[in-house]
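Below, chain A partners chain B and then partners chain C, in two separate complexes.
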Partner chain A sequence: MTRIRDLIRHFGLPRIIIGLFLLLLFLVAPFVGVKVSTSLSDTLNRFGMNCVLVLAMVPMIHSGCGLNFGLPLGIISGLLGATISMECQFTGMTSFLMAIVFATPFALLLGWGYGQLLNKVKGGEMMIATYVGFSSVAFMCMMWLLLPFKNPTMVWGYSGSGLRTTISTEGYYLHILNDFLSIKLNEHLTIPTGMLLFFALLAFIMWAFLHTKTGTAMTAVGSNPVFARASGISVDRIRTLSVIMSTWLGAVGILVYQQSFGFIQLYMGPFYMALPAVSAILIGGASVNKASITNVVIGTFLFQGILTMTPSVMNSVIHTDMSEVIRIVVSNGMILYALTRKTEATR
Partner chain B sequence: MSEKQMPLLEMRHISKDFCGNQVLSDVSFTLDKGEILGLVGENGAGKSTLMKILFGMDEIRITGGYGGEVILDGNVVSFASSMDALDQGIGMVHQEFSLLPDFTATENILLNREPKSPNFFAELFGERMDTLDRDKMEHISKKAIARLGVNLDPDMLVSQMPVGHKQFTEIARELSKEDSESAGQIRLLVLDEPTAVLSEKEADSLLVAMKKLASEGISIIFISHRLQEIIDVCDQIMVMRDGKIIKQVENKDINISEIAQWMVGREVSLVAAQKRQFDYENKEVILSVKNLWVNMPGEVVHDATLDVYKGEILGIGGMAGQGKLGIPNGIMGLYSAGGSITFEGKSLPLNNPRGFLDNGMAFVSEDRRGVGLLLDESLEWNISFTAMQVENKYLRKVLGFINWRDQEAIEKETKKYIDKLEIKCTSSKQKAKELSGGNQQKVCLAKAFAIAPKLLFVSEPTRGIDIGAKSLVLAALREYNQRQGTTIVMISSELEELRSVCDRIAIVTDGKVHGILPATSASTEFGLLMVGQSKQVAGGAV
Partner chain C sequence: MSALKITKGESIKRFVANNLVPLLFLLICIFGIPLSGYSANYLISEVIVRISRNAFLIISLLIPIMAGMGLNFGMTLGAMAGQIGLIYISDWGVVGIPGMVLAAIISTPISILLGWWCGKILNMAKGREMVTSYIIGFFMNGIYQLVVLYGMGSLIPVRSPSLVLPRGYGIRNTVNLAGIRKSLDSLLTIKLFGITFPIATVAIIALLCFFILWFKKTKLGQDMRAVGQDMEVARAAGIQVERTRIVSIIISTVLAGYGMIIYLQNIGTLNTYNSHSQIGMFSVAALLVGGASVAKANIRNVFLGVILFHLMFIISPMAGKNLIGQAQLGEYFRVFVSYGVITVSLVLYEIRKKREQGYEGARLAAEQKESK
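== the complex of A and B ==
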């Protein structure tokens, strides 16, 4: 009995409840006419699309910079990489890799500046980060119009200048990771192996980094900055490093998202991307200064699973198309729940 | 005590414990009308607690009340709150000012007790709308200031006053209470270290004011660390130590060294006294500190000069707030500092913790929970982290360039220290915050030992830990010094502890190293240094 209780405590009651609810949805699905295989496929897809963005939370949480509400900054770097890569007419896998290459300098630069800013507002990082995200999105809204992109698939057809709000990745890197080594189990269920492998690679690097000397220092800075300073660590430098890492992961994360989603969403697209990622990692059991790769995996799976399953099951139950409304209610409800939980940590 | 007159205040068999920790036991004394009682004792002797009981502070009641009785003018009293104490004519002036900086002296003196005159709005809305009677206010505050016999402008803003005037304003406020309706005649004034922040001249005029008040029949309990003042002004002197009254004598033919001896002369048999005769003749100076200033709040160092010899254990003692803690914190670079530090012949950059560590020094902070530990991490992390970061210990190379954390090595090292220092824990993976204070202190020491420093600063190593852990920690330090030849600088408020471990002891007073004496010197001499009686002893010539 105590072992079971220990197990529950270790895993966290909220996760068990959410997990059971998700299981329930899968069990109910066939009886209301929702195909389990399609649902499972969707869930896997969404999981793969989002988990790198969720992973981008980890470095900043570890260094005590809080949750990365400034994720849009990383996403913007990714968008710049994506559009520049397309402008250069790279196609296929090259196009995807070049997008990462082009995005990297932006991520480093923006991340560095963002890090400097956060070092000046210790204690109030999350609020500042939120507005860094918002204002950078607004600034880029102007830039997308003004930047001299020429590729006809990207610019507005009637004026010949200014980028469109949504740009299709078809012909460039659509499903480039999804289709890599993908396993088609049946007509409705495909496992996006490449995308999952790519995430696994990044997660492994992250895990490994946290086991190095610098990674250890990062965790210590988050745990007690004064202690770290008294151990000869330059707290500001470690924090800046963590912010740069988070920003770069945000950039890569959005590229992974786009290749599966099929579209690059510019302008207001990045505006609300931070909250689902923040919520996912909180639901996964992370706290404001403790997070692990397991938190990322569990959190993303539960969050995206619920988000996929609830609307389709509910729709079929009440026979009206309310999927969008339900999706909004569920996702914001989960965000709300997650933010109230933000100090609880299970490791 | 005189037979013909009933004492104003009598405290009988007062005892008090905080959660089983006895801070006062069987304290009895009397105080006559118009008498000044000087109350002296080391930090933690129980002076403040005694005054809190007298003043009916909430803190006392919350922690379970006190034993014994307080008798005021022949009646047993028990104050439910400090307001009751005020009503009975007891005033208290604390060490820290409680004044509103942007109000004038008059406004501060009469705050919330202002004489008021009714007006039209007050008729409608009640007395909260009364007008302040400025003339009467000024009259009362002038009268109170006049009783002190000082020159204080009642219209001056507190923020523009010199410190001394702020102190007078506080006292005037207590005096003025007899002019308001609720409080009775002020009969007893408690001054808790009123001169600590004053310059000598300001302190002198305060002493004059105190004598004037006493001559008007107000009794005063005067707490001070400056023994000369006590001798100058008091009729009775009471010395407290470890929650007991060691001595209550009339102030006749008493000199400072006697009082100092009463204050610190306790025999503690924590560890057998340091017996070795450290040979300073042939030793080199390992660390030389010149004109160090450190801006550490509450422990400011002004101008400290100090030589530390290789292989010795140097103690740094002194009263709280005098700057002894500022010295190691400043040298390490945790607080901004200036001056020059030479370690092993090399000049050391200041304000750079990394440089401090890289040069082979380590610091065990007095702030265990804030600076010393990663409370949320395992013991393994706590013990290995600093050594890992500074000296690349417990790391192994992966692929030739990645510094990988070597879990096995960390575990082994942690287990070694757990055994050696007898750290009580469930496993090396237990979180630091779950340990008791004494065991946390041992973890802090293990962390420093793991770096294998050439010079180790240990700040308040026994603060807040029980007697058993204390002796273990001290023994560990001494053993470490003997085995490894590590030079140790130990900072502590407890003189006896320093005397039992150290070779020499430096006393820091007023942000300066006031003197260095061999640990075998009489406690009187240390007492003298602590209260600011200069007796410089050259560093090497011990």
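== the complex of A and C ==
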């Protein structure tokens, strides 16, 4: 009995409930006429789409900057990279890689500024991060209208200026990672190998980085800044570095998301994109100041699994689509749970 | 003499630093008004409409600030309660002032319950109340949708078919509040220079202002200020910190519910699933524009904030159109400014807090040196 209780405590009750719920959905699915292979394929696909964005949470949590509600800032860098790459008419793999190349200076610059700002407001990072994200999205709304893009697939047809709200990535980098080495198991089940490999690569780099000297310093800053300063670590520099990494990963994450999704969403598109990523990593068992790569993988899988499965299963069972409500309640409930856990907060 | 001059210069600098946000807004408005090309009469009457519409909601934010809980983004909970009240009076067909009063009566217990729950959660997340209350707003939005979109008409009885979606349950996206539309605003009006003043609404807002002023002087109000200053000291002085904090959130939620009813009677239609979602953000932004901070806000901030913030809101689409030829740009500009203002105020507050802590530390160190 105590062993079970220990296990539950170790694994986290919400995570078990959500895991069981997902399992239940998968078990019920065949009986209500939902194809498990299609659902599994969708879940894998959405896992691949979102996991880099979730991975972007890790560095900032490690350095004690809290949950990165300012993820839209990274997403904006990614969007700038994507649009510039398309403006230059790169196609295929080159366009994807060039998008990353173009996004990088923006991510570094914005991330640096964002990091400097967060260093000035230690303790109140999360609220300010949220509003930095919001105001940057709103600022870019104006920029998308004004920036001199010319590519006819991207700008409004009738006025010839101002970017469209959604831009198709078809002909540029649509499914560039999805189709790379993809394995078709049967008609309904395809494994997007390239996308998963790309994530694995980034996750490995992140894992390796956290084990270098700088990575260990980052963990030290996150768990005890006073101690870290006493051992000669420049707290502010490490924190800035972590914010830059988060921002850059956010930029790459949105590019991975777009190549699978097929559309670039501009204007208010990135507005609420931080919340799903935040709740995914929390569902994976991370807390406000502790996160690992495993948390990212488990969390993204559980969260995206529920998002994929609930609409199809619910629709077949009670003939109403409650998935949106369930998404809101689960994701925000998870964030609330993490914010109110005291023991973790004063670690 | 020279010393005096420096203090004068410093005091100006200090005034600017402390009122950076309102001054910035004043500047935007001064530049924007001629660009928009609106007449003074139009602007004044619009601003008066906005004051009567929004002031009550914004005042509901004051009490949690007093209790040191920051900006209560959880006021959306109250707004939801108010909306549920309005849905019911539309269902029962109660119109006019009695309808509004009934809606307020229905909203009160819901607000109290939600506020109590919100306060409980915020007590578990001390030190990050704002971000938590912000997420609570999102979370409750999910529950609200569950109740209104799926529960009403199936589990919770709703009689009138004009309210219910064609599928048989769930409330329609827009509820026409024709029955109570402007019933408070047009109860008593005075027309001066072609501008209509809604005396009844203004009177209610004034009443609320007096209530806030009176409340600050009561035992509970003093307790709240003590809790806001320092929780540990307040606890040592025998104040029930947790309870006081919960009460402050409950009052704020209930007031937000009433505020939402006043707001919607002016608008005249209820967007069942959208009306409440933006309210928290706009109210907070308006309060901050008025020069309030996370730790300090008063009634003057509310009115200055409503005037400046909504002036910007009215003029920016037109100014954007006349300046660049795109009204859309002005729309985005005002969204950007709303969020930007909140960001800047939050950052300034945190920096100031840190500076004060540093100053306090230096003072303590100096004292210790002296005593040695």
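Following the convention adopted for this analysis, the second predicted complex is superposed on the first by the 310 of 347 C-alpha atoms of A that agree within 3 Å, B and C clash if a C-alpha of one lies under 4 Å from a C-alpha of the other, contacts with A are read in each partner's own complex, and residues count from 1 in each chain.
Criterion: a residue touches a chain if its C-beta (ideal position, glycine included) is under 8 Å from a C-beta of that chain, and two chains touch if they have at least 3 such contacts.
From a predicted model like this one, the values you see are computed outputs, not experimental measurements.
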Partner chain in contact with A:A230 - chain B first, chain C second, else both or neither: first
Partner touching more residues of chain A, whether chain B or chain C: C
Chain B versus chain C as contact partner of A:K35, first or second or both or neither: neither
Touching partner for A:G124 - first (chain B), second (chain C), both, neither: second
Partner chain in contact with A:T340 - chain B first, chain C second, else both or neither: second
Chain B versus chain C as contact partner of A:V329, first or second or both or neither: second
First (chain B), second (chain C), both or neither touched by A:K290: first
Partner chain(s) touched by A:H211 [first = chain B, second = chain C, both, neither]: first
On chain A, the residue positions that both chain B and chain C contact, one per complex: none
Partner chain A, residues of chain C touching it in the complex: 121, 124-125, 127-128, 130-132, 134-136, 138-139, 141-143, 145-146, 149-150, 324, 326, 328-329, 332-333, 335-336, 338-340, 342-343, 346-347, 349-351, 354
Sites on chain A touched by chain C in the complex: 69, 117, 120-124, 126-128, 130-132, 134-135, 138-139, 141-142, 145-146, 162, 275, 320, 322, 324-329, 332-333, 335-336, 339-340, 342, 345
Interface residues, chain B side, partner chain A - complex: 332, 334, 353-354, 356-358, 363, 365, 370-377, 381, 385-386, 388-390, 392, 395, 402-405
Chain A residues touching chain B - in the complex, by the definition given at the top: 208, 211-217, 219-220, 223-224, 226-227, 229-234, 290
